[in-house]
Amino acid sequence: MKPDLTSSRGMWVMNALVLAAGLMFLSPVLYSIWMSFQTADAYYAGHLDFTLSNYELAVAEYNFARYLLNSLIVSGVVTLAGIAVATMAAYAFARYRFPGGNLAFAAVVATLMIPSHITLIPNYLTLAKAGLLDSYAGLILPAISSGFAAFFLRQYIRGIPRALDEAAYMDGANAFQVLWRVIVPISKPAIFSMGLHLFISEWNNYIWPLVAIGKEDLYTLQVGLARLYRINPGEDVIDWPLVMAASTITILPVLLGFVLVERHLVRGITMGAVK
Amino acid sequence: MLRKLTPYLFILPLMAFLAVFTYVPILQSVNLSFREWDFMSPTKLWVGLENYQLLLSSRDFWNAVKVTTIFAVISVPLRLALALAIASYLVRETIVSRLMRGALFLPSVTSTVSIAVVFSWVFSTDYGMINAGLAWLGFERVQWMQDPQLALYVIIFVNTWKQLGYDIIIYIAGLQAVPTELYDAASVDGGRRLHVFRRVTLPLVMPTTYFLLVVSVIDAFQVFTIVNVMTKGGPAGATDMIVNMLYRVGFTLFDIGQGSALAVILFVFLIALAVLKARVIGRKVHYEA
Amino acid sequence: MVAKLPKLTGLGLVALLGSTSMTLADVSVEFWHSFSKNAGEALDQIIDNFEAENPGITIDAQHIGNYNDIVAKLQASIPAGREPDAVIMEVTRYGLFADRGVLMDLTDYVENDPLKDDLFDFAREVGVFDGKNYIVPFNSSTPVLYYNKAILEQAGVPEEPKLETYADVLAVAQQVQAELGDEGISGIAAPGQFARWGLIMDNDSDMIDSVSGEILLDAPNTVEAYEWMASLVHEHGVASADGVTTENQGRDAFLAGKVGMMMNSTGNYGRSVAALGDDLVVAPMPCNKVCRVPIGGAGIGILSSAEDEVKDAAWKFISYAASAESNAIWFSTTGYMPINKHTAEQPLAAEALETKPGIRVAIDQLGFAKGRPRPPVVTWMRATEYDMWQAMALGQRDVTETLDDFAARTRAEAERLAK
């Protein structure tokens, strides 16, 4: 017999099961957050306790507040600069026909297929020569150009009626003013989605900061966390509750933001895929 | 005159950044792949195809190809099948289904390092969640990440866990684009659920499937963070995927020539994949509006 | 006078500006090292003492990670010109950097420093590559065999068991495993790379011949040694695979009282005593075919790229760190061996020798300790050996086949490096 999904009781049971499955799915992360509030002794002994000491340790002893700041600065600047650069290019690709335009657009789209890892060694050398390793600039500059954002925004802008541009031109606006006063306001949802996309991918970026940063002061959260777990400064048995506190600090901004902006995130992703 | 220059000015910043950090580096990689260098010698000795020969005759390279292929062959269909099944269930707009979508989607925007660390604990031999469960059920503890037979599957599991939500969201969008009349028509025809799924849903989400296929295959060839944090490519090379090998050769052995040759091979392969995709999708996909 | 990147404080936007040149009255020496925990504290104390005696010199000591991390980070720093001024380098892996001119030739400094007559011969020899002096030893060690008396007793192993041959060690490990395996206690920790090298020497072989430089990875006695070591894990199951994939996990489990025996550097002595107290016993390494142990540890070198003034300051520190006073602090805290002939005269050292019998074992082993060769290829060989060992220990690859392949690749690599 199939459960009768139309009856309210069957529905209720089904919903409870689905929610339980959801909790189960997230249980490793939920448990890790819970564990971050345990003392190591209590955790290994298997009894319960509540403490903020792991967070204090992560901040005071292992500099995670600094890493958090670094991640915020780097992701923030990459997002703002990346959006500015991508929006301008997207506008040109959407609105102008110009010699070389198609070729340039194809070259931008091609980068979607190119994993950043291929450029790892040359970029390292470029920034080494420029003396920009171990600096915020070294983290930020290679991440600014997002072919995906440019492509995505171009598709979006193409959907905006040209009549709006033309009305603005009639009023004497120049191309930049049209972009700033007409296109950008209308494209806000798309720009916001892309901004989130850029922020999250930069926030979670690992391999580049791993090779580009040697100074502990400039670690991002990702590198700091991997190092805390892998290189294990104490070189004794892993202090899991401490590691989990660091991990929670690392996922928290995204976790909190997620609740607020899930819809925009989803839109960004699906528009890119389906359109 | 200025009017003619306008579009160029608009695309200039993007193209300049791409040139410096993407296009030129690709050429540099090609150049370095014909040389021998360890970051220290003052000269970068020209060695022709030696690096490629060394790579293609090395066990490590073929092991990385094998591991990456196994990863792709298992994880791609797994991701797509699970995602489609779950998406067809969650496509309805109810509160529970929205909550569930959120829960499944969350990992795909969460830090990969955090996820890798958390799952390192989940699968750790002594303190892990899984082994605690097994012990409670009376089973032996399993050395998940120390056993060359198991470690790759752990990596696949974690990667699937992380990426599944993304696939689901894309599928839901694809499913929502399917006109409901088609379902109604199929139901009127006396179609049963499975029948409807096979005859209506599956063909209609074909474009989405192709898209996800390409995305997840490219993903498979770029897995690094999970491996770097959880296993470092071990045990005994069992999880030494291509990008991990690239990092190892380039930044621990400092064989810049071979590292670059590996990058070039990966590049050529992915471009070939892109061309293939353009051809296949160009032919098969005509549902798009 | 050095203008390194300014230390970042507060909002790190300063970094965007790159390096600013500052004129300081002081000389600051950026020094990369590998010591944490009690060894790190001992080093800090030596640095504090040095700075007190040498106003005007600051040692900017940075803990980078283990020896492998230092090698990797140093090599990566070169194209960017962000090398430190002085660095701790493991005694077999500095040859590459000396060969490439990254480390400066310290011969003149050594010759003009009274220190040269105070160092033990073995300690002098360790820093010499191609007839020139590139590093001065700071911490020297040999591998020893540690065991946990309480665990062995509990498993019914007689007191002071004979642990002279491979077979002896295996027998004890098996007994512990059989008796206590169910309680989560294993017989022996999988040997780390330093211990593996020691076990190969015990078997009258080597990885690379120290005289001729011939690569001996596929020599019959090397193969036999690896076969035995690998069998501990995958055939006899007396060593946990955890210690194969992550070397430190074997040691950590021993320190946590979950393993019967461990072959490891004397450098772990201080930490092991702290963890296990009276249960810790230090025995000499087995002598399967011969009694021979490698000399390990590390020394401090100076980077060619440093400014002259900084080089002088760095040398002062190197010389101070190898002095009897510093060496006594170091030796009594860590268990690394004395490198200075006068160390034992220091009260601190005398006390340690009396109260910590384990150190004596290491010193006695010096009678048959042997320096290891350090041609440039060793860096590559040691970095690659981990994967080879994993494959063998986890039963993934046949030992003979693996070592034939490894030896061939090492020879090819040596040839490439010589170009």
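Every chain is named by a letter (A, B and C) in the order it is written, and numbering of its residues begins at 1.
Assume a contact is a pair of C-beta atoms (placed from the backbone, for glycine too) under 8 Å apart; a residue touches a chain by one contact, two chains touch by 3 or more.
Small disclaimer: the values here were computed from a predicted structure and weren't measured.
Engineer: I need the common contact partners of chain B and chain C, sorted by label.
Structural biologist: A
Engineer: Based on CA centres, what chain would you say lies at the far end from chain A?
Structural biologist: Measuring from the centre of chain A, the most distant chain centre belongs to C.
Engineer: Please state whether A-B or A-C has more C-beta contact pairs across its interface.
Structural biologist: By the number of C-beta pairs in contact, the winner is A-B.
Engineer: Cα centroid separation between chain A and chain C, in whole Å?
Structural biologist: 41
Engineer: For chain A and chain B, what's the span in angstrom between their mean Cα positions?
Structural biologist: Once rounded, the distance between the two centres reads 17 Å.
Engineer: If I count partner chains per residue in chain C, which residues reach a count of at least 2?
Structural biologist: Residues 76, 79 of chain C touch two or more partner chains.
Engineer: Among all residues of chain A, which ones touch two or more of the remaining chains?
Structural biologist: Only 125, 211 qualify.
Engineer: On chain B, where are the residues touching two or more other chains?
Structural biologist: Within chain B, the residues that touch at least two other chains are 251.
Engineer: Under the definition above, what is the set of chain A residues touching chain C in their complex?
Structural biologist: Touching chain C: residues 66, 69-70, 73, 124-125, 127-129, 131-137, 211, 214-218, 231-237 of chain A.
Engineer: Residue numbers of chain B touching chain A in their complex, please.
Structural biologist: 4, 6-8, 10-11, 13-15, 17-18, 20-26, 28-29, 32, 96-97, 99-100, 102-107, 109-122, 127, 129, 161, 166, 169-170, 172-174, 177, 207-208, 211-212, 215, 218, 221-222, 224-225, 228-229, 243, 246-247, 250-251, 256, 259-260, 263-264, 266-267, 270-271, 273-274
Engineer: Going by the contact rule set out above, which residues of chain B touch chain C in the complex?
Structural biologist: Its residues touching chain C are 36, 38-41, 45, 59-60, 125, 143, 145-148, 231, 233-238, 251-254.
Engineer: Using the touch definition from the top, list the residues of chain C that touch chain B in their complex.
Structural biologist: 68, 72, 75-76, 78-79, 96-97, 100-102, 240-242, 244-245, 380, 383-384, 387, 390-391, 394, 396-397, 405, 416, 419
Engineer: Quick check on the complex: what are the chain C residues that touch chain A?
Structural biologist: Per the stated touch rule, the residues are 5, 7-8, 11-13, 15-16, 18-19, 36-37, 62-63, 65, 69, 73, 76-77, 79-82, 248, 252, 255-256.
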